[in-house]
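In order of appearance the chains are A, B, C, D and E, and numbering begins at 1 in each one.
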Amino acid sequence: MNEQLQLILPELVLSGGLCLLLLADLVFQRRRAWETGVFALGLLGVVAYLLLQRFEAAPADAFGGLLRVDHFGAVFQLSITAAAAVALFINLHQFRYPQDRGRIETQFLFLCATLGGFVLVGTQHLLMLYLGLEMLGLCSYALADVHKRDRAGAEAGMKYVVYGALSSGIMLYGISLLFGLGGASFQMTDIALGVNRALLEGHAVQVLLPTLLLLAGFLFKLALVPFHWWAPDVYQGTTTAIAGYLAVGSKLVALGALIRTLALIFATAVHGIESDPALIEVTTVASEFGASFGLVLAILAAVSMVWGNLAAIGQTHLRRLLAYSSIGHAGYLLASISLLNADGFHAASTYAIVYGVASLGAFAAVFAIAVRAGSEDLRDWSGLGWQYPLAAGSLVLFFASLIGLPPTAGFAGKWRLLAALWAGDRPGLALLLALLSVVSLFYYFRVIKELYLERREEALSPRVSRKLPWLAGFLVVACVATIALINLGWIDAPLRLATGDLTHG
Amino acid sequence: MGEHLLSAFVALPFVSALFVALLPKQSAAGQRFVAGTTMAAALAFLIGLVLGGFDTARGGLQFAESTAWIPSFHVNWALGLDGLALVLLLLSALIHFIAVIATPRDIAGSKGYYALLLLLFGGVNGVFLATDLFLFYVFWELMLIPMYFLIGIWGGEQRKRAAGKFILFTLFGSVLMLVGLVAVYLRSGAEGVAPTFDIYALQSQAASWMTDSGGMFGMDFSSWIFLLFFLAFAVKIPVVPFHTWLPDAHVQAPTPVSVILAGVLLKLGAYGMLRVAFPFAPDAFADLAWLVATLGVINIVYGAWVALAQTDFKRLVAYSSISHMGFFLLGMAGVAVAADGAAHFEAGTRFNALAGASLQLITHGISAALMFLLVGAVYDRAHHRDLGRMGGLGRVMPRYFAIATVGFFSSLGLPLLAGFVPEALTLFGAWPAWPMHVVVTAFGLMLTAVYLLQAYRSVLLGRTPDACASFRDLDRRELSTMVPLVIASVTLGVAPFLVLDLMAETLRTILAGLPPDILPATSIEITEGLR
Amino acid sequence: MSGSEVAFAIFTALALGGALVALFERSVVRSAFAMFGTFMGVAGLYLTLGADFLAMTQVLIYAGGIMVLYLFGLMLTKPSRYERNLRRIGLGAALAGGLALILLVKLFGGMNGSVPGPDELPAPEPTAEAIGLAFLRADEWLFAFEFASVLLLATLVGAVYIARRRPEPRSEEAA
Amino acid sequence: MPTADFFPLLLAVPLLPLGAWLLQVLFGSRLPRGGDWLPTGAMLGAFVVAVLLFLRAWGLDDEYFVWSTSATGGGHGWKWLVSDPAFREGLAAFRAGLWYDAWTAPLLAMVAGVSFLVHLFSTGYMKGNSRYSAYFAGLALFSFAMLAMLVSDNLLFVFGFWEVMGLCSFLLIGHDSLDRDNPRPRAAAAAVKAFLTTRVGDVALLLGLAMLWNGFGTLQFHELQVAVPEMIERHQGWPQWLETAGLLVFLGAVGKSAQFPLHVWLPDAMEGPTPVSAMIHAATMVAAGVYLMARAFPVLAPGVLALVAVIGAFTAFFAATIALTQDDLKKVLAYSTISQLGYMIAAVGMGSPDGALFHVFTHGLFKAGLFLGAGAIIHACHHEQDLRLLGGLRKRMPLTYASMLLCTASISGVPFLSGFYSKDAILGFAADTWSQGAGPAAYLPLALLVLAAPLTALYMFRMFLLTFSGEARSEDAAQAKEVPMPMSVPLILLGLGAAVGSLLWIAQPHPTESGHTTATLLAGVSLVIGLGAALLFFQFKKASPARASAAFGPFTRAARGLYGVDHFYQAAIVVPSKLIGRACAGFDRRVVDGAVHGLGKLAIRAGEQLRRAQNGRIQSYIYLTYAGLLALTLFAVWRVS
Amino acid sequence: MGLEAYLFVSLLLFVIGLVMAAARRSLIYVLIGLELILNAANLNLVAFQRFHPESGLDGQIGAIFVIILAAAEAAIALAIVLNVFSRFGSIRPDDMNTLRD
């Protein structure tokens, strides 16, 4: 029992912290949001530290296989921790204005969502996966709804919850079918055996259909076509902090879970040969199935890339623009996953990290400008680049990274994606991805154009005169990370190891 | 220090840019001084290398250095200098230095301006020196954003559109290059060896790709590589029909930026072709040389013809740039194919073609920069660029008249001025393989004379409109930007060996890396057809 | 027809009939009662599958808890006349029906072989105790159980948070 | 063999004016007298050196001597492209050297001399001009280019300097367009026309050079002289590409030497100041074309030569007919130049570069005299140059009269004057061609040249008599005075030169005895006819020129209209190319750029279409999701099964 | 009854749920439709477990968790719907379309 608890120390600490936060809420009557915020940030720091310890240990199952503690999960758990921290951070700045109340709950919900994310990406058990997804989802629904006290916030919350519940319902139906396929087991490894059996018996469709239904939940979280509809409306309707959290935190853990699911369920279907010589006869059938299924994913990816990037053109609301662009980026990620091999998973994980850094930075920078300009419509941002050099300058850098321009990490990430796609014999997808980068430049640079190239007659008198030193510090850190990460070698080894874990047992 | 000489050289502008960024906002003069000094120091350093240190008898890399940078992709921080790069670096340093001087002292937001200029300079230097393809690409893209802002912030009325167009076009080319990068990198590791980004290692591998049938969409691998890289660089050169960003960018950019754009940036596309596109796919290059030649001729003739109809002085010069860069392509097509030597004297045709193509980069850099300075000088006085509303400036501005004469006629290809040498070399070199193309090119030369003289006449000769009568002649600052270019133009025209001595061996090395297709000497057939 | 088949038929009719009525019935209240029938029907089906504890839970939580929640919801919101109409039901039926058809034809076509027939199954046993034990065993469902409690806590906080009356928006905050 | 100091001295000839030019450009306007003494002095120096060198060659027995750095030693020459002597790839192997032979010697002296005299004359003629020092700079550069061309030992450098001459002629013809007091926009147009028309030939010449280089690997005279026969022997005849190359070289000369059909620029070039015309017509520029033909003679195939002869002879006749109809003093001289150039070109075509250059030499002297004389008249008559308004200047300008008389007589072929000898030689070759050949290429040259000969005498004396004899027909003419000192000296010297210059030609051409006899006979008859007619019409007024021209009605009108060549070019080339340019620009903007913008718009439109689905209604999202899922499922099932 | 019968009933419930979520013009019925989907999944779970007698009680336990989740989801969703109702005065989904392109 003790070792079990040891294994899930980060989750435990997070849960404990949650309870403390709730207590604090009761004691302080919501008046000490700043202090509790700092506490929450510190808690996340401790959790991050504990997560880092996971890289030292060997992968292990915990709690009777409900949880899987391994490097791969830790990578994405760290990323959602970081996203939560940034979201809290932005939130704190927001919350320094007295008219806002009810803030400790927000912190609580962020932490709960993060815990859900931990479970989502840290399990090989489909029901736990569903529970984690719902935890993350329910907290996000609440967050999306509550924070903005206007119609837009309510509408965003409504859309998010209806759409989220629908897609998780569809996913659950898929899970229930896979449960049957795996001989009444939720364990992915059991399901993989069932999948192989079915494939060998020529029932490819019976594997395919539940898998597609299962995908629904992931597609929803990743905002991929055809489950992307919520993203622009919700991002626009909520606050920047939550939008950033949705765009990075929940997206990345969902990505991790998707990779894990695909890698495990189709492990033998795609590359189980090395691990189990007995399954060699499966190989032909399985690789055929893998190719077809990969093609389906590739098409989804292509449509998402195109959809997100094209629809982002002409957006003037910053968060809406970022929402569409995040649809496009999810498409890039899925493109790489669609290879269904270690290379593809690795590339997707790499790009996810790189995307996460730039995207969080972008949301923070958008916040920093918007909170002072009083608008998130880029048409109101004319010439502000000169007035807020740090925020605007770092926004340029993050956008450059999202476009994939050197010397930013986005370039190296995109390089990784292209290399995986090309090596995986999908040159068309590689070319499409490359060309869509040009399209993405179209809308990203529209913002930059507004910030720098338009001239403003008189300086804006900021609605919030207060400086945002902490945020500025974060922006600097994110900028440095965006540039430094061009050397992907820094994150390569753990990621390689992590995805290797997945695909080779 | 010794073995990191080039690193220091590449780092210099970036350090200066940082320094400029840290200077107080008000000290425009200080920022200008730092920028100017940096360029001058770079120029002095290069001249020092020419005078001693650089061994012109060697065709390969000198001062090469390499340090691991991103080991997981086998990316190295690898720099190296050869004759071609040295000459282009000299050009770039000179042009950038001139651009700093040509910048008005009271330019708004000077801090950002000079910092961006320095970043641009650093990027250019990096591209010329990088011997690692990944690094090459990084520097290549690094120039993008400074240029965007330089045009977009300090440009004319339509600057936003022009800047956007510039960056979209350029990025379009870049992403194709990126895909090409991926392809060659993966290919280089296909035979069980570690993949590499080393440009020269890739070049030497490229020979084995020729027989590679592992292509996609019905094209062999070599053709894929060639098309990807060729298109990537074609946008920068620019090759018709990817050229329409150039006139807009030129017209909107402030004079110093136009000078850099025409003087240096266009050359990068050509440099990329010489270093990457052609040597990586020598086979496809030889197969598709007809395309290169045809595009070159289209550039020359079409560019000239469009220039003929322009009424905007700067647009005209921009199209003349397009036209002139066609010679590079034509020359390269001459390199790709050697005519059968049976009937013809093997007159070093391919060397002529290559020397013409590469020298064109230098001479066009000089004359185009000069032309844009001349345009800028008129614009500063007249505040418009409409050729129809100018005239007789030769009367009111005698110094301008003298310098403009050199500029126009150098551009036109008058012997004893820089423009002639590469044109003649290119024609000599391309003739045996592409006689029909050369004939059409000759027609383009005619058109060049037509539009340039028309412009010359409208600007300098004829009646002086009242609005132009009070123009002051060139002042000392303007003279100091133009006179070096005039001297360079004349010197190169009279004694091209001053430049070719530096790169002759390098060119020979490049030639060795581009084995030609042996074609029957078509020029003979053509001439027989003519009778 | 054996007894179990009769039971199956009755519960199926209750579940599906309730669902269809709920879908098409214009009256809000009748519709809600039809849903009640559906949940009871499903609970009955659980019984035929030998899941006695689950059936109880279904009745208690679904019929007793969740449906009541929804009824409250219905009462707190004024149903307007539009709410009774169906929105493009044909389209919805076509799309969902298409999906169902594919699932039906492709999915269930070949599931027979791997599972035993209804007659070969062992008789069902009471499950309540086994389930209770499974919840508390560390190597079975303990973690999930605890996680669910945190989830409910979060839900509680979230729901309270949302439902709490807040001042009308001031349009000052931008982000 | 030349002595050691020979080549430095030879190099000094062009370098003196070059240095003067440089100083003039840099400091000219700040020097006293606008620095006119600088180029003039330099030209005097160059002339003296050229004469000294000429004297060294004069005494030689061998009139086919060649002193060249490349052929006879005296240094390695100028490694132009790459200085390393061991590096010999392509044009890097090319080296430029100096060349001096029996053709160069007198031509160099003549050009230097005439240039000097033009400079000297200009100090008077251009006095008070607003761009005085710029003018002299142009003149100096012009002289430099011609002299440098003459001492070059290879075709590439000949081409180079020839182009520089194009620039100088452009600047000098356009000189008056920038005059402060009296700007002449037409001068600018004429300058552009001159440059562009000759550019046609230049480009062709460059192509020709490209072919020659690729064929022989050399462009040096002496190497070509060896290589061409070898090539012919190996190929058993003239290779066809070589014929094409020769044709292209000839096209170059057609442009520069104003042969039909590229002659149109030369009359317009009269817009330049008159001394410049003297320079262009006598010493530089147009002579370059003939010089080139003579130097390139070894590479000209027989077929090309035949064409050359016909074109030359036709031009000689054609221009002469136009000259008859012109009323402008300078225009008459211009067409006479074209006509005389026709003689020279025809001489090359008939196989006698010697004869051609001999005529270049004598023509240089008397045409310079004529133009400077015309300049003196124009100067004296306050820029009146219409023949119908001149007259009676014999008494008022005796010196000019005497000089002009000598020159006119010389050009008309009056025996024992220099023009007689050179033209006699050409006609002699024409007669030889007639007798030795067959077909139109054989008899056309003689026929046309002989027709042109009396016309020459006629139009020249028409001009002369209308100017000098009779009464003054205008105020300006009536008040004319003899020109002052710096202008009169050149007139005297050139008059003398026109008379006896032929003696100085070293490599005398030698047609066959019979040809020579025929030629002398024909020339004599022609002169008598032409001179007689001129005297009848214009001196003794026994016949009315108006009636005579009416008799030739349509021909006269055609000749007055310059046979419509200019109009043809305007309609067939200038206007269409402008239209095509505009069309290209429109295509560029609408189609090429339009496609780019269209692509951008397409992306935007596509984005708009996609966003239309984003209508804010959650249930329509749900429907769309179902549709997407259904499509996906259908596709996947189809793929898998 | 065999497994297919249960699966078939479940499928029909699933489809009715899907249609309901898409077609009913009341947010509350949309949510009820979602409950139908969850019920369908639960029925599957239990049925599969029943027909794989060698397996444990995972299906039933999973179904219990799903019911718990359904309750939680209902709570949050209803809170949100009430919030929407207080802002828009309607629970008709189509009325909420201020966020759109």
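Methods note: contacts are C-beta pairs under 8 Å (C-beta built on N, C-alpha and C of every residue); 3 or more make two chains touch, one makes a residue touch a chain.
Please read these numbers as outputs of a predicted model, since none were measured by experiment.
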Those chains which touch chain E and also touch chain A: C, D
Any chain touching chain D and chain E at once appears in the list A, C
Per Cα centroids, the chain farthest from chain A: D
If you tally the C-beta contacts, which comes out ahead, A-B or C-E? C-E
Centre-most chain [mean C-alpha coordinates]: B
Which chain maximises the distance between its CA centroid and that of chain C? D
Distance from chain C to chain B - Cα centre to Cα centre, in angstrom: 70
Measuring centre to centre with CA averages, how many angstrom lie between chain B and chain E? 65
Dist(centroid_CA(chain B), centroid_CA(chain D)) in Å evaluates to 36
Can you compute the centre-to-centre distance for chain C and chain D, using the mean CA position of each chain? Integer Å is fine. 101
If you look at chain A, which of its residues touch at least two other chains? 127, 131, 134, 138, 141-142, 145, 150-151, 157-159, 162, 166, 170, 177, 180, 205, 209, 232-233, 311, 442
Out of chain C, which residues touch more than one other chain, so two or more? 87-88, 92, 95-96, 99, 102-103, 106, 111, 141, 144, 148, 151, 155, 158-159, 162
Residues of chain D whose C-beta touches two or more other chains: 600, 611, 614, 616, 618-619, 622-623, 626-627, 629, 633, 637, 641
Those chain pairs meeting the touch criterion are A-B, A-C, A-D, A-E, B-D, C-D, C-E, D-E
Residue numbers on chain E that touch chain C, as the complex places them: 1-9, 11-20, 22-26, 28-29, 31-33, 35-36, 39, 42-43, 46-47, 49-53, 56-57, 60-61, 63-65, 67-72, 74-76, 78-83, 85, 90-92, 94
Chain D touches which residues of chain C in the complex? 87-88, 91-92, 95-96, 98-99, 102, 106
Okay, in this complex, where on chain A does chain D touch? 158-159, 162-163, 166-167, 170, 204-205, 208-209, 212, 216, 225-227, 229-230, 232-233, 289, 292-293, 295-296, 299-300, 307, 310-314, 439, 442
Contact set on chain E toward chain A in their complex: 7, 10, 14, 17-18, 21, 27, 30-31, 34, 37-38, 40-42, 44-45, 47-49, 51-52, 54-55, 58-59, 62, 65-66, 69, 72-73, 76-77, 79-81, 83-84, 86-88, 93, 96-101
Where on chain C does chain E make contact in their complex? 4-5, 8, 12, 15-16, 19-20, 22-23, 28, 31, 35, 38-39, 42, 45-46, 48-51, 53-54, 57-58, 61-62, 65-66, 69-70, 72-74, 76-77, 79-80, 82-89, 92-93, 95-97, 99-100, 103-104, 108, 111-112, 115-118, 121-122, 124, 127, 130-131, 134-135, 141, 144, 148, 151-152, 155-156, 158-159, 162-163
